[in-house]
Amino acid sequence: MDNTQYKNVFVFAEQRDGVVQSVALELIGKARDLAADLDEQVFAVLLGKGIADSAKTLIEYGADKVIVVDNDNLKDYITEQYTQAMYQVAVEYKPSIILFGATTIGRDLAPRIAARLGTGLTADCTKLEISEDTKEFQMTRPAFGGNLMATIMCPNHRPQMSTVRPGVMQKCSPDASRKGEIINFAPKFDASRFAVKLVETVKEEKASVDISEAKILVSGGRGVGCVEGFDKLRELAKVVGGEVSSSRSMVDAGHMPHDRQVGQTGKTVRPDLYFALGISGAIQHLAGMEESECIIAINKDKFAPIFAVADLGIVCDLNAVVPLLTERLKKEMAK
Amino acid sequence: MNFNLTKTQELFRQMIHEFAEKEVKPLAAEIDEQERFPEETVKKMAKLGIFGIPVPKEYGGAGGDNIMYSIAVEELSRYCATTGVVVSAHTSLCMVPILEFGTEEQKKKYLPKLASGEWIGAFGLTEPNAGTDSSAQQTTAVLDGDEWVLNGNKIFITNAGQAGLYVIIAMTDKSQGNRGISAFLVEADTPGFSVGKQELKMGIRGSSTAELIFDNCRIPKENLLGQVGRGFRIAMKTLDGGRIGIAAQALGIAQGALDETVKYTKERKQFGRAIAKFQNTQFQMADLQTKIEAARLLVRSAAFKKDEAIKNDRINYSADSAMAKLYASEVAMEVTTKAVQFHGGYGYTREYPVERMMRDAKITEIYEGTSEVQRMVIAGNLFGKI
Amino acid sequence: MKILVCIKQVPDTTEIRIDPVTKTLMREGVPSIMNPDDKGGLELALQLKDKFGAEVTVITMGPPQADLMLREAFAMGADRAILLTDRKFAGADTLATSYALAGAARTLEWDLIITGRQAIDGDTAQVGPEMAEHLGLPQVSYVAGLEYDGKSFTVKKQTEDGYQILQFEGKGLLTVLASAFKSRYMTVGGIVDAYDKEVEIWPADKIDYDESRLGLKGSPTKVVKSFAKELKQPGVIHEVDAEAAVELIINKLKEKHII
């Protein structure tokens, strides 16, 4: 394979119901750094139906070119339809790098395309960089439940592909004056391979904000004890304008739903403030929250690993502290 | 000589450990507090075949061995001694005598129901005036045409009221002494049979312990277990096996209490450091774990011998199982008492499980032969007839 | 119905610790377990067996020690177990792994292939979809529910903000979430029989393969470096009563301009 034939950093611009997902903008932000180091350009690939207007947004956030495939087959995300389109884009434009969000769509689509292209894919990267000396693409990701970080390369195959979790990379500030090129691309679809039909999409009502978007998280672990214990946490969260999340043990115990789980097997969060209440801090949990701006941990065990990442550690019974804190904050907020 | 579990036994240990930790442990305090029979756990265990471990597949059992059975009782009792004794009494005291002394018809009729857990089994030997002196049986069985007619009372019967089938020991000919005692199979819904008052106990409070009442209870002639006059021997043989179950229960209680204590002493800080860091803690705990391991070897060795005895009826394991029970039950009492002590004031509260474990441990020195009875059995084996 | 379930033996990553001095993984004493999502997949297959009398074959690629996990699968109710083991498979990344598994799948008969969503040692979620691609199968990932009417499969796919209902007829590949399929325990009878059954050991020669696509050679990605994660420097720890704790927290929140 002649690697020099492959150029430019591509981003799969994931959209849902016509709305470009935040992770796509974050990836464009990262792609800008990579493209600058390689002296190449950033391409966003926008697939869907009636989505062409979003191309401008992608340019504002840093894409040099946007490849738009606007087609009835792409109205909803279905693996095979999207694979056919994205595969043909890759074959036509020969990118050096393709980035996907590590979402339920990106993690479904990327491996399918990697296998069709016969190239490598690195999942859930937390760091992407171009080596200074050799200009090689290095992808770093956690493995073994976050216990170990591994740097991975894809030296002899192109494109080099990776998925990145939402919230890991930083978006650029949008610039409405940025200029970019919009390219319409028309792939040939083989409908005989469209085996899966979408029957319905159901959004489950969530009054609360997704924990990976929350600015403040009140997170509970084994020390909370029970379902009722989380009521106190919810009250605290309400007062500080945050969301309630939890460690894996409370999800496994059925006390909290899976979408509230922070950690390697849950969500990666990076709030401004993270309360770790009765969370011992297993490495898999730390992997999902240690990048938080400020961590306040309360735990009865002073040797709990959570204290190693806490900005403020308090050895005390959370069930005694939380109600008092909630009352006090109510007064502070009223001022 | 090989001290390792076989691959099958090891796979079984993993399963039963996970089951006990995930399904049994969360209910242990509740069933103790409420003195409630753990019906939901019994259903789950039935589904997995835990009620038929040493029963051959041809009779609906799992086709396992007595080592596996002892591991099951140990692991269940590590978290909940009540659950352990439900399985132990059912297996050792009801299914095994049918397996060893029953006719082919009796085995075919009763073992599939028992091994699948559809029926729980129980065993009635003890009477108000026949405890350690179990030959002083006052319950009588008289043959009347095609039926045996039973009259009398049994007390302290584990699984009473929950069981579908009872192995009952009764006097058929008082003039013959021990040789006038016979064994019978009584189904729970037999007219004339009823369950009396529940005992309120110190420990194993979730298990059912009650009186059995026989008031002209008529059972078919073919429900005689073994031969007429062989009942005392059947009872003693049954208890030889049962003691392995109780020894395993004691072992599990001891290990469970020690596990809790290791965890607690690592967390609990006094004088600025974890109490596990004090040498007194470490040395006492080292001694306790050593005793537990010794008890485990006695239990496994007795279970191994029982398995050997199935193939060769000249092998006698009475002393082995008596030693296992004597030692394991005394170790359980010692470990749980010290576990409470290590927990200090908290250990005396129901917030920590060692309080329950200490209460549960005591019964293992009493039932299926007190420690004194075990010493009699061991000494009898040692001295022979003197 | 015949179902092929791909399972993997993994170290229980919740038990893994980093040596604070050498910064390396302490693997000693860490138990090997059946990957949780794969176990969920096996559970789904066994539920289909309970309902429709499906024949369930489990397959794994790994070292000979994976035998233990296959015995566990037997004891849970699997009918047949295959261990793909060969030096030629060593060092495989997800592409090479999925290539080998797809090769093995081609020599077997099945109506449905089930894999776990992802394995807890790698967390890639790639082998299932890549395998589906090699075999040209439709896939549904993140499966949280399944119905079968004798003709078509109706699948519930978990998404970030709800779920989708997808449908397909004929053969397909599903990647399953453990949280949706609470796996059953091994039965005692199953355990007793597990070691009497045969685990079929398949070397590479049992499948059709292009050597350049197997193992390390067939792996486009290379791990060039691995290292323990740097933990954040700890802040101050206070052992205080609840009132004092509240004061400390309030001060911290003020310092961070949160209140």
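The letters A, B and C name the chains in turn, as written, and every chain counts its residues from 1.
In this section, contacts are C-beta pairs under 8 Å (C-beta built on N, C-alpha and C of every residue); 3 or more make two chains touch, one makes a residue touch a chain.
These numbers come from a predicted model, not from an experiment.
K.L.:
Given the two chain pairs B-C and A-C, which is bridged by the higher number of C-beta pairs in contact?
P.N.:
Counting C-beta pairs in contact, A-C comes out ahead.
K.L.:
Mean of the CA atoms for each chain, then the mean for all of them together: which chain is nearest?
P.N.:
If we average C-alpha coordinates per chain, C lands closest to the whole-structure average.
K.L.:
How many angstrom between the C-alpha centroids of chain B and chain A?
P.N.:
It comes to 55 Å between the two C-alpha centres.
K.L.:
When the C-alpha atoms of chain B and chain C are each averaged to a single point, how far apart are the two points in Å?
P.N.:
Roughly 40 Å, centre to centre.
K.L.:
How many angstrom between the C-alpha centroids of chain C and chain A?
P.N.:
Using C-alpha averages as centres, the distance is 21 Å.
K.L.:
Mind pulling the residue numbers of chain A that touch at least two other chains?
P.N.:
Within chain A, the residues that touch at least two other chains are 302.
K.L.:
Under the stated contact criterion, what part of chain B meets chain C in this complex?
P.N.:
Contacts found on chain B: 7-8, 11-12, 15, 18-19, 47-50, 52-53, 57, 61-64, 68.
K.L.:
Quick one: in the complex, what on chain C touches chain B?
P.N.:
Spelled out, the residues of chain C in touch with chain B are 68, 71-72, 75, 185-195.
K.L.:
Inside the complex, what are the residues of chain A that reach chain C?
P.N.:
Counting only chain A, the residues touching chain C are 78-80, 83, 103-104, 107-108, 110-112, 114-116, 118-124, 138, 142-157, 193, 195-204, 206, 210, 216, 240, 248, 251, 258-259, 264-265, 272-273, 282-284, 286-287, 290, 293-296, 298, 302, 307-317, 320-321, 324-325, 328-329, 332-333.
K.L.:
So in the complex, the part of chain C that touches chain A is made up of which residues?
P.N.:
Listed in rising order, the residues are 11, 13-14, 16-18, 25, 93-95, 98, 120-130, 132-134, 136, 138-142, 154, 157-170, 172, 179, 219-229, 231-232, 234-243, 245-246, 248-250, 252-253, 256, 258-259.
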